[in-house]
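All chains are identified by letter, namely A, B, C and D, in their written order; residue positions are counted from 1 within each chain.
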Amino acid sequence: MSEHPHPFADLIGLTFDSAESGSSQCRVPVRPELLNPHGVVHGAVAYALADSGMGGALYTLLEKGESCATIEIKIVYLSSVREGGLVCNTRVVRKGSRVAVLESEVFEADRLVAKALGTYSIHSR
Amino acid sequence: MSEHPHPFADLIGLTFDSAESGSSQCRVPVRPELLNPHGVVHGAVAYALADSGMGGALYTLLEKGESCATIEIKIVYLSSVREGGLVCNTRVVRKGSRVAVLESEVFEADRLVAKALGTYSIHSR
Amino acid sequence: MSEHPHPFADLIGLTFDSAESGSSQCRVPVRPELLNPHGVVHGAVAYALADSGMGGALYTLLEKGESCATIEIKIVYLSSVREGGLVCNTRVVRKGSRVAVLESEVFEADRLVAKALGTYSIHSR
Amino acid sequence: MSEHPHPFADLIGLTFDSAESGSSQCRVPVRPELLNPHGVVHGAVAYALADSGMGGALYTLLEKGESCATIEIKIVYLSSVREGGLVCNTRVVRKGSRVAVLESEVFEADRLVAKALGTYSIHSR
């Protein structure tokens, strides 16, 4: 979805399915490098999906010359994941002129495994 | 600090300096693979430090046979990072029998770049 | 909705419309006592709706002899309110045996003015 | 500390001890009207202290003609309170030109009962 290189996305295997009209979908297939000592996917992977997905969703609503940055995100975990793949659906809840609010839901197959609520600042480059 | 393999920590280069008495310190050196398309360290790296650091700090207070899991974490960003290294100091704010509250501060050199406040559940294995 | 006295709800004028099957709706009419120095409804009023609404929604899913308590709530504000009334719709996102995740949306008429994501602990009395 | 009327503060009995140099202290004595059906102080009271305290602390750092508004606050509860009084200490963690990060600790006597981490937007009136 982006012409810009994204090294961290490449490192964890994160790719975008879509980003348009204030929404985005991105995913990470589970692989052994993403596990923590308990054998479950590290919480930072779901977080990376939420943070990347929020940026991707918000960019679709920005004007030329505007950029955005994460102010803060809260993520809550509903279930642990050992295999399969994580898919993250994000939408802009509200975009103001300087602050936007976004939410993400992370699924493994049909199971909701994490939910995030975040805010971004919007600024002119 | 741990005898258990931690593949995700290895993937991003996260290591622990210390974990004792309800506190921990862990770090990640900045390298190109950790950057986002803006050329700054992806927010998930500071998050990974907070989440890992909270787990590391809380484990030092658990009884034999107890385990813990992240309920939720909020992280707020104060400054972006392009180079150097991230160091995360974490402490247990309060440990109950079933829920613990922790906070982390992430620094690049002397600069506070992120702050996190999280909760963990504690359970018998 | 409750046979138990709730002094703080009475103080701010909070009443429940419904609480069943893991959802609740509660409301507060705006009146001068609820305003802050800017002439807008104090943020703690929307917060009180979210916190009370979450408790009300979760109680509908508890077994006899179980109780619950707020672990933490994050609330984000989308718009300020000067008059009218606040209505809060809450639902349980997931109820585990010991922790539940809930979300609330606070409206003034058709306008979403705040959104909250919280966690509760569940325990036997 | 303020020459402006604050009806909601009056309603719950909130007063400021101090507000200067990016910090503030405010308090609420416990009285029966602040209790929830469990007989403990409603969580919205500690929240009101944090939100009010953050506004009070941030205003001490604003320029003439600037105002601020809560973006979001997360509050976590460490202990319930049945009697005595709540005192809230707040400090600005970082003030940027458009966003500030603040944290509050709420005590009952020597006991830390809640902790909050929030963000505010800063704008010219």
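Just so we're on the same page, a residue touches a chain if its C-beta (ideal position, glycine included) is under 8 Å from a C-beta of that chain, and two chains touch if they have at least 3 such contacts.
Keep in mind it's a predicted model, so treat the numbers as computed, not measured.
**Q** Quick check: more C-beta contact pairs at C-D or at A-C?
**A** Taking the two pairs in turn, the one with more contacts turns out to be C-D.
**Q** Which of these, B-C, A-B or B-D, gives back the A-D interface, meaning over half of its contact pairs coincide by residue number?
**A** Comparing residue numbers across B-C, A-B or B-D, the repeat of A-D turns out to be B-C.
**Q** Please tell me the distance, in whole Å, between the geometric centres of chain B and chain C computed from their C-alpha atoms.
**A** 31
**Q** Quick check: how many Å separate the C-alpha centres of chain C and chain D?
**A** 19
**Q** Using mean CA coordinates as chain centres, what's the gap between chain A and chain C in Å?
**A** 27
**Q** Specify, in ascending order, the residues of chain B that touch 2 or more different other chains.
**A** 71-72, 74, 76, 119 - these are the residues of chain B that touch more than one other chain.
**Q** Name, in rising order, each residue of chain A that touches chain C in their complex.
**A** 74, 76, 78-79, 93-94, 101, 103, 112, 115, 117, 119
**Q** Which part of chain C faces chain B closely enough to touch in the complex?
**A** Its residues touching chain B are 71-72, 74, 98-99, 119, 121, 123.
**Q** So in the complex, which bits of chain B are touching chain A?
**A** Checking each residue of chain B against chain A gives 2, 4-12, 32-38, 41-45, 47-48, 51-52, 55, 67, 69-77, 80.
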